[in-house]
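The structures come next, written out as structure tokens.
Each of the next two complexes has chain A plus one other chain: chain B in the first, chain C in the second.
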Partner chain A sequence: MKLSVPQFWRVKENQYKLIITVCGECGRKTMFKRPVCPHCGSSKVEYVESTGVGVLESFTKVYYKTNSSEDRLPELVGVIRLSEGVRVIGEIVGVREDELREDVKVEAVLRRYLSDDPYGVIYYGIKFKPVLTH
Partner chain B sequence: MRAHIIGGSVVKVDRHFELGYRDLAYKVTKDCLECSDVDYVIVSSVLPELSAHQLDLGTHIVQWIGKKVPVARVESGESSGLAAVELAASLVASGAYKRVMVVGVEKVTEYPTYTANYFYSLTLDYEYEVLRGVSPPVYAALAMKELIKSGVRRDCFSNWAIRMHENAVSVPHAMLKFKITHESFKDAQVLSDPLTLYDSFAFGDGAAAIVVSSTPDRNGSSVEIVLSKTEVGLPAYARDNISDLTASTKLLKEVTNRFELDLRKVAVELHDSYTTYPIAILRSLGYMDDRCDLDEFEFLNTSGGLKARGHPIGATGIYQAYEVFKVLTDSLGGKRALSEYGLVHSMSGPDNLSRVLVLKR
Partner chain C sequence: MEAGIRGWGVYVPRFRLSAHDVATLWGYDSRLPKALGIVEKAVAEEDEDSVTMGWYAAKVAIRRAGVSGEEIDAVFFGTESKPYAVKPSATIVADALGVKKRKLATDLEFACRAAGEGIRISIGLVKGGLAQNTLVIGSDTAQANPGDLLDFTASSGAVAYVISSATNSVATIEASVTYVTDTPDFWRRDRSPYPEHAEIFTGEPAYFHHIVSAVKLLLEETGLKVTDFDYAVFHQPNGRFPLQVARLLGIPQEKVIPGLVTPYIGNTYNASALIGLAKVLEEARPGNRILVATFGSGAGSDAFSVVVNEAVLEAVNKGPRVSDMINSRVQISYGEYSKFRGLLLRNVGG
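Moving on, here comes the complex of A and B:
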């Protein structure tokens, strides 16, 4: 078993949603629901759920293997500027690697992260896909 | 009370299929004369639980090498080695112990490379980075793209790798003792574009040991640990730019100002897991323009750095400390620095945490 079910269950809110921590002291926004602002250390924080829509600022085609399979290579991983102004890093799916461009509009989608093959639990979380404009 | 490095030893970084954790630790301490009479042992290692199914490695090592002294193991990601040296210096400077042996040991090549890649990725946040497809080369690639967009030429990063391989040729314990050229990059395997295999450190097994003592060596072959300092950075995804290595930059700026050090003149080992990072740091410190000229740095990563000496993760910081000690007191790869100070820099992940060690002749 690759993953502990309780471990994934504990962080499900941050895996299934895009929660932004907004600091009541310094005003900075940071990805993920977290107890303390990483910029100023204040625990006076509030949470906002992102709409999941943003712009792809940068991306890289990843050929770095961390398991025995080459099925998904290259993976596309990008930096997304969400409409709420905060940046998040995530996998880009639903697009051919030679068709992806910077500055395209993307939206969050729920996709498979990994599974305990062959009979184990499947873990899902957020990835991003380009928004179709036609 | 002060703390001094009085000696040490290293094993060649390589694929040591015939040697396990205990064997490597025995090999490196057997060859270290100063290691014979110590009253505490600190073991720095990152992967034993993952790569050798072993907990409490420190105890098993002292039992194996026949030391009946207290032992503790340190794990702090890629910066574990310098964390161990910091702890040793504290134990000695406090008067609690007189001679502490610090052993860095790592087995990285026990499994296929993709498994080593996975283990290494776990220095990032597993739940919020690794599960989302982020691995260390991804950050190094995205940071490299930022720097290229800001005007840094691609061959600037290649220059770093070429220099590191040149340095490593004459270093006996370096892993990649061969030269590369700009041509090498044209057909290089891409890890995460634009980052290639030649921009990346080499995975290797290794072991290094140093002895930290309350008294200097009688023959003058020792250096004093005058400062050990750590700074925690922001997660890379929370920065304005991934290439903003603020923890490293802040630390290095602080120590170079305080001790009036010019990195072009002193013996320095910079953490260069990927070519992106030393270039980002040296630019932030004002040492480098867009031409990225490295010629005026006399004792920059004399070892070949993580890039070419190799990166046995938990042992790397001990290698770096040993190497600066050798450049200051004897020689390494035929080079000896005349400067009074030497500097070691280590970081874990893309500047998640950075450490600096200042050594004085």
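Moving on, here comes the complex of A and C:
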């Protein structure tokens, strides 16, 4: 979803970081910073920042995209289970499709999401890349 | 009080363009890559820029330093490839890393040596008691006119250092000097997508004169001799210049080669010499002394004498090593390079 400049500014913490909402009532963890728990509706919530490290559970290749990010097509998109136990969907970068495997360890990286045009604001956000091993 | 390096981090994109492919495509002599001392260069993806690469290097540097965002008092972002002509990159990286709001933050521009200047400013702030820790980032997606000589070397990469008091450091910066003049060896005019350079003029009066002058000043001020250094790291516009400048200074190649990264990743501009320093920090032993000299066209050089401390041994394993980043590589074609770096004119949107 394309955001206006003020909208992006308001939610940029959720774009720049992986914030997890932890419910003080039901104890469940939910991705992104939310004012209420989506499971039980409690507003007794706390926030923790994920380490950004997780495991790639599955991935696919996407050929169609909107929002002026055609330059990166086709792109790899995956489901990542973060070390804190919550799942998040994200683009997988820094790797060829034929190199990628399920269960590979990945880490969060800051990348460009999209840019309005050559003169507009650049929207940055979190994607994932395989962790470099020795 | 002396200042020192508390943590370091590096980012090198995995994708590499072979210098042989550049020579073949543009009709250069096939021996040119060897003459330039370049095998391949690192290429950033479409969604990478100096901010995203600098963010990664800084994240690792902060982790190695063992500090929180609340403990960083200044952020300096050295680049000549800012994503915005007007809007600081330092603030984007700082916010994304959770650095506190009460801080000094600015972008610095002096071709390839702005990050070196950031370290010198940081030394002043730390020694003057105005900052406990500063974050210095050097990051570039270097531009090259397709087919120009720079196309062989202009690459992408980032480095970051946390500078603090020497007592908290993995390496003490025991001395530093800067030597600058007005020398038109390399420039990029406003609205120009690619830099221009004065060919051979970039060597003698620019690179060699400024680095040699800065190093000689450093030796004069400290009383050190070149033989007192275990390693020497110089700015690396290609794979040859650092070896040539070492020869001029009477430094053997064996002390330069450990920090020579450009043959494998290209010239990362603001990150060039400082990635070399990071690689040496990852291989050096406590007590080793490292000579570092940056260079930026326009022109200037910062020379540093850095002494490695015991704490470096523990810090090395807290982040990815430069050698691992060099070795983790995927070769791409010139076509993919063009796509990655936005060199193709397309109708998009709608």
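To be clear about the criterion, the second predicted complex is superposed on the first by the 125 of 134 C-alpha atoms of A that agree within 3 Å, B and C clash if a C-alpha of one lies under 4 Å from a C-alpha of the other, contacts with A are read in each partner's own complex, and residues count from 1 in each chain.
FYI, contacts are C-beta pairs under 8 Å (C-beta built on N, C-alpha and C of every residue); 3 or more make two chains touch, one makes a residue touch a chain.
For clarity, every value in this text was computed on a predicted model and none was experimentally measured.
Following the overlay on chain A, a side-by-side fit with no clash is recorded for the pair chain B and chain C. Of the two partner chains placed by superposition, only chain C is touched by A:99; chain B is not. Of the two partner chains placed by superposition, only chain B is touched by A:38; chain C is not.
In the superposed model, A:122 makes contact with chain C only, not with chain B.
The angle formed at chain A by the C-alpha centres of chain B and chain C is 150 degrees to the nearest 10.
Judged by the touch definition given at the top, the superposed model places A:16 against chain C, while chain B stays out of reach.
Judged by the touch definition given at the top, the superposed model places A:111 against chain C, while chain B stays out of reach. One of chain B and chain C touches more residues of chain A, and that partner is B.
Across the superposed structures, the minimum distance from chain B to chain C, using CA atoms, reads 6 Å. Residues 68, 113, 127 of chain A are contacted both by chain B in one complex and by chain C in the other. Listing the residues of chain A that touch chain B in their complex gives 7, 11, 14-15, 30-32, 38-39, 58, 60-68, 75, 77, 79, 87-91, 113-114, 123, 125-127. Against chain A, the residues of chain B that register as touching in their complex are 112-114, 117-118, 121, 127-129, 131-135, 137-138, 141-142, 145-146, 189-195, 234-238, 242. Contacts from chain C toward chain A in the complex involve residues 13-14, 45-49, 51-52, 55-56, 83-84, 92, 95-96, 98, 320-321, 324-325, 328, 330, 339, 342, 346, 348-349.
On the chain A side of its complex with chain C, the touching residues are 12, 16-17, 49, 68, 70-72, 93-96, 99, 109-113, 117, 122, 124, 127, 132-134.
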